[in-house]
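Here the chain labels run A, B, C and D in written order, and each chain numbers its own residues starting at 1.
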């Protein structure tokens, strides 16, 4: 495993928050949100974070860089349900020349439902590893290490 | 983290194999399979495994038990592409009274592309933890521990 | 075909609008939003519409009624792209005792990209046809007929 | 509407069949397969059809051509359920210089559950309309016209 972050259950440990409302299409026959939808929620929060930092992912990609997902970890503590008001808290951890990690906390009404970590590598449009864009130097690190 | 399995890169360490052909719908603008699709591939392999063991998930569910996903870990080593012939190797590890873990290796033409681990808990239809069905006692344990 | 609505290209013909921002996960290897994602956008707009009308779909379902999709038609005129600011215009057409139709126009920066129609039937939790909830009597009909 | 095909309920009217087993991930809180999954099933059947005709979609795309979806129509008659053995019957209808239509019938144990039509346009990798590949001249037309 490359991932070293241990996501906190305290929203105060995260620098960014994004709201999601789970779709009916994302429910399953257990009546809850299917576990595969969470990777998409994390991605939506990540995209909103980059936009909020002044570097929309569209622009990053136009600049020739993609942020490939190298690792994904999700701990499902309590289920999410259709139309819940979900807050995705996000914090940047570990940044190297070519990779970064993000920690996430998903909460509903202040209750922690899910934690997650993603590890990303900068790649060019042929998928070859490349350096992170310079703006990463200036992003605040907020995710706690293990 | 509950997960303790370290998925092996050697297919011989897995007891079951299932074939998947990634769909065009599962590709993304990077031209590869989107990382969220893998959770669904693991699930399809898991369902095929239960069927092969003589306990189709449909029957397990009719018996009042669901296998909730408690944790998911995926390490994306090499991308999958549309219409690749993917083999999902699966091995059962750690079984407790109420949980079990599975390790996975996804390979294309014998080359390891992805490894993964899922942790599951038996729950009733109201989502309360319950015991694993008895047949788990007889399933061979093949996933290597860390 | 049950569907009789002809969706207009003029936003003024619709009574409700909802904003969507297509996710990266919804792109495909053609670099555009995959056509299967649109059904989910229409559903999200429908759910937002019901909420705006004072009848959240969660409550409708708690009351024992689901709105099954009986028919779906989508005309893809121009592609949607990742992170586009999409407006989904929605109008209610044809209402019978047990079914209703909705027309949709998806636009980006005022340009029509997609039109769609869905036909729905009220069903109980066993999937049997039932009457529409009473509040449908009071909803304004705005979708133009063919 | 461009679509002119009226999909038949008789499997004998279709030239090709492909098997699908709906995934648990594709179910929804109504306990049935979500209506957005069907577009993906149709696509999978289409890809299998092209492969069976000797022209895998991967090769078509390497040759510089994509088959954009211009229109989609689905009539949901009976629900599909998790792990059903679904047969997707497919027939080619209307072929023009730059477009083609396909009709579909989805059945379970010989019972018609769903019919559908898709209309496709050949486009180059910039999304501009182009001619269909020559091999379309030799494909048998089987979908009935309205």
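Details
The working rule: a contact is a pair of C-beta atoms (placed from the backbone, for glycine too) under 8 Å apart; a residue touches a chain by one contact, two chains touch by 3 or more.
Since this is a predicted model, take the numbers as computed values, not measurements.
Greatest centre-to-centre distance from chain D is found for A, with centres as Cα means. The pair with more inter-chain C-beta contacts, choosing from C-D and B-C, is C-D.
Centroid to centroid, with C-alpha atoms defining each point, chain C and chain D lie 23 Å apart. Taking the mean of the C-alpha atoms as each chain's centre, chain B and chain C sit 35 Å apart.
Shared interface positions of chain A, defined as residues touching 2 or more other chains, are 24-25, 29, 32, 36, 39-40, 43, 82.
Listed in rising order, the residues of chain D touching chain A in the complex are 24-25, 27-29, 31-32, 34, 36, 82. Every residue of chain B that touches chain D in the complex is listed here, in rising order: 23-25, 39-40, 43-44, 47, 56-58, 82-83.
Within the complex, the chain D residues that touch chain C are 1-2, 29-30, 32, 35-37, 39-40, 43, 61, 66, 68-76, 79, 125, 127.
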